Every structure is written in C-alpha cells, then in structure tokens.
Amino acid sequence: MPTVEARLRVRYAETDQMGIVYYANYLVWMELGRAEYCRAAGVRYTDMERDDGILLAVAEAHCRYASPALYDEEVVVATRVLESNPRMVRFGYQMREAGSGRAIASGETKHIYLGPDRKPRKIPEKYRALFRAED
Amino acid sequence: MPTVEARLRVRYAETDQMGIVYYANYLVWMELGRAEYCRAAGVRYTDMERDDGILLAVAEAHCRYASPALYDEEVVVATRVLESNPRMVRFGYQMREAGSGRAIASGETKHIYLGPDRKPRKIPEKYRALFRAED
Amino acid sequence: MPTVEARLRVRYAETDQMGIVYYANYLVWMELGRAEYCRAAGVRYTDMERDDGILLAVAEAHCRYASPALYDEEVVVATRVLESNPRMVRFGYQMREAGSGRAIASGETKHIYLGPDRKPRKIPEKYRALFRAED
Amino acid sequence: MPTVEARLRVRYAETDQMGIVYYANYLVWMELGRAEYCRAAGVRYTDMERDDGILLAVAEAHCRYASPALYDEEVVVATRVLESNPRMVRFGYQMREAGSGRAIASGETKHIYLGPDRKPRKIPEKYRALFRAED
C-alpha cells in the first residue's frame, strides 16, 4: 500500500484562544488519515467493527508539532503503515498545508486488535493484506 | 426535585480563536447539568443505559447566549425539569459565572426514551419519579 | 443567494457511546454550513474577522434531531439565510444523509455583529449583500 | 514542586462508539493537569498569557493508553515537571481511575515559550521557579 492522502479544512471549532488549532485535534486528523487509508484499501473501518467485531484499540499516540494550522486552511494528512503484524499495526502521518506544503505536524499511532470480548486477538486473515507495512 | 447545580471550569480546549468558549460546548455543559441532576436524584444515567437499555435520545436543543464564558472561569449550570411524562422529559438550564453570577447562557433540551431496539418507549415505572417536573 | 451545500463525513471522534453522533456536534456542522455559505458568496469568514475586526457572535442556536447520523456517513448541510439586517443575521440549516436523503437534523442560528471592541455594531456596507435573506 | 493532582469526571461527549473515551481526549485531560499544576504553583496560565504575552506552545505530545476510561468514571491526573529550562518545559502525566487506582493512561508533553510575536523566547525570570523540574 502506498501512502494515502486525506484532505480536510480546519474548522472554527478546532481552534483555541491562541488562534491556532488546539493540540489534541491533530489526533482527530490522524484518525481521518487512518480511515482514508482503510477506505483506499477497500475496507471500511466500520465494517470491520460491525461485521467481525474487530476493534482497533489505540495503544500509543505521538505527535510532533511543526507549525500551527489555522482556521480555514486546507490540510493534507498523508498516512502510511510503518509496522504491521497479526496482533498490531503502527501508522505514520505527515500533515501539511495543502497549498504551500508547509509542514504542520507529524505523528504515529500504534494499535492492537481486540475481539468482541475486548481482549487482544489476531486480526482475521482477510484483513491482513490491508495493513501490510510499506516495503 | 429542586434545581440541581453542576460546576465546571472552562477548559482551554473549549475556547476558540474568538477568545471565548465555542458555541457548541454549551450543549456539552447542559449534558453535565443533566448528569448531575440524575446523580442528585440517586440514579446514574449510565446505569439506566446499561441495566435497562433505556436511552435518553435528544429530540431538540436550544441555547441562548448571554455573555461568553472565558478560559479558566468557573461556571455553574443550574438544571431543572420543565416538563415530563412517561415518553419524554424536557430540561431547562441556566449557566452563570460562579463568582459574579454573570449570566452566560440558558437553554433547554427535550428528550424521548428509547428502548434497546432504538424505538420510542415509555420509561420504566421506577425511573418516573426521577424526572418529575417541578411544581 | 440560493441555498448552499456543504459536505462532510462523520468522524469517529464525533460519535458517542450510544453509537451515534453526539448532539453538540450538529452545531459544529452548522458552522461548516455557514462557512461554506460565506465562501460561496465570495467572502472568507476569516477575512471579515481579520481585515475588518467584525465578529459574528452567536446569540441563539436551535437544533431538532430527526434521525441520528452514524460514523462514516456522508452528510449534506444545506444552509440559507432566513433573516438579515445590518445588525444581525439568522441562518437555517437542513442536514441530510447524502446517499438516501434521510433527514438527520435541522436547525437555526442567530448572530449579531460585533466590532473589535466586542460591542454590537452594524455590519460594513460591503458585506451586506452577502447575508441578504432569500426572497 | 511536588506532583499535582487534578480530578475530572468523564463526560458523555468524551466517549465514542467503542463505548470508551476517544483517544484524543486524554490530551485534553493533560491540559487540565498542566493548568492545575500552574494554579497550585500560584500562577494562572491565563495571566501569563494575558499579562506577559507568553504562550506555552506545544512542541510534542505522547500518550500511552493502558485501560480505557469509561463514562462517568472519576479520573485523577497527576502532573509533574520532567525537565525545564528557560526555553522549554516538559510535563509528565499519570491518569488513574480515582476509586480503584486503575492505570488509564500516561503521557508527556513538551512546550516551548513564545512571545507576543509567536517566536521562541526565554520565559521571564518571575515564572522560572514555577516550572522547575522535580529533583
């Protein structure tokens, strides 16, 4: 799977009184990146959750802030798989302002698969290709 | 049931670039008011949801903004029941700055009861006293 | 100005444990509708704020919830001006699921114009055409 | 400065359709921890921002998720300074369920000081004691 891009426009609700995007919202954008990555791979995350009871639980998240995103800016979130095995997947994200390419933030999230009982389990065979790390 | 007060302190995340609390967040505070109202009446909302599968679905919400709340201010949300019957309940809220009593916002929410099938149903007998409207 | 449509996809962050979109988030979507309305009229809301110090302060918000939006659904927010004069503007919103046209919610917001001193003022002449109510 | 504790109760708005707190919200809780830390040290963060134009810009954030927080649970956020110098400060956080002490999440944030021009600067002398790292 190559890198997959998601696009979003900064919402007023996402800014704070510093006049920039509040720092927790970049993690919301990473989620949009992940969802787009899955969609591009032909799997709706929600189907995995509903049809197979597989939950993608976040184990770790990390974000480095380069330059703040501002209201109404268009942001590109480029998402790729950094590491993957039947028990976990680690995504990497690059966030840039769409017009100028200005680096906004970068980050990583690590997820483990949970079954309907909320206990760790291996991801079903049919989804494994989805989260294969880039070579 | 008398009016029940909940207290909260304005979070940085709740502000926007206008330097005030973003307007949708007052609805979150109304939720805190409702939860506190239930707690004061001896019922945890979450128990109603888990034990009896009763969901309190919002049908309508209304907010009038008087003066903006600012970061770090302490806010009192005074909640009472305006109308109640076995199929619905309507709450009223007054939000004030704790120290000065300055009016921040007021609002109302109307809710209907849903069963585990997500269809309207009457609230079980045991919860009816909880949402009895003030005389 | 005709009705202007904005499109969005429901974010995981916007859902709550009831499995549906949390009720305050519809007000965030109304904001996206307003922003798109302004953009379609050739004005970036942010320019009005930065260049002329005009703030569009929310005075009132109202939402009626028809059927809950679900994760990953595409939502269309149709926005129009219901009422407008040099001191205020009132927007109306219809939110529908993009594919089926299913009604999700409808609402209204009323705004007054504030100057850099945060006091009510008339909107500058150049912006008046922007918020002219539909005939 | 010893470790400072902040307390909060999980809001319905903070949950997602997995029935647990959405992962970005733990960063909001870290912010509550930081604010409480400052308050305990006799400084309101907002005063630093308003009176001296000093902004505490987030440069990096990291969160490890141990067990999900649930609606209505009471959470203790224990905050301390891990590293500090005139140009930056690094906070560490431990989040636990108040009753049982169950570990929920832990994290770190690194901040740099910005002046009114949004450029890095040294923190004024009077605030330095505030963010002195624990020995």
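Quick notes on this structure:
Residue numbering begins at 1 within each chain, and the chains themselves are lettered A, B, C and D in the order written.
Note that in this section a contact is a pair of C-beta atoms (placed from the backbone, for glycine too) under 8 Å apart; a residue touches a chain by one contact, two chains touch by 3 or more.
Remember, predicted model here, so these are calculated numbers, not experimental data.
Annotation: A-D is the more contact-rich of the chain pairs B-D and A-D, by number of C-beta pairs in contact. Farthest chain from chain B, judged by C-alpha centroids: A.
Centre-to-centre separation of chain C and chain D, using mean CA positions: 33 Å. Between the CA-based centres of chain B and chain D the separation comes to 27 Å, rounded to the whole angstrom. The distance from the centre of chain A to the centre of chain D, each centre being the mean of the chain's C-alpha atoms, comes to 23 Å. Residues of chain A in contact with two or more other chains: 12-13, 18, 24, 28, 31, 71. Residues 11-13, 28, 31-32, 35, 44-46, 70-72 of chain B touch chain D in their complex. Partner chain A is touched in their complex by these residues of chain B: 12-13, 15-20, 22, 24, 71.
On chain C, the positions that touch chain B within their shared complex are 18, 23-25, 27-28, 31, 49, 55, 57-65, 68.
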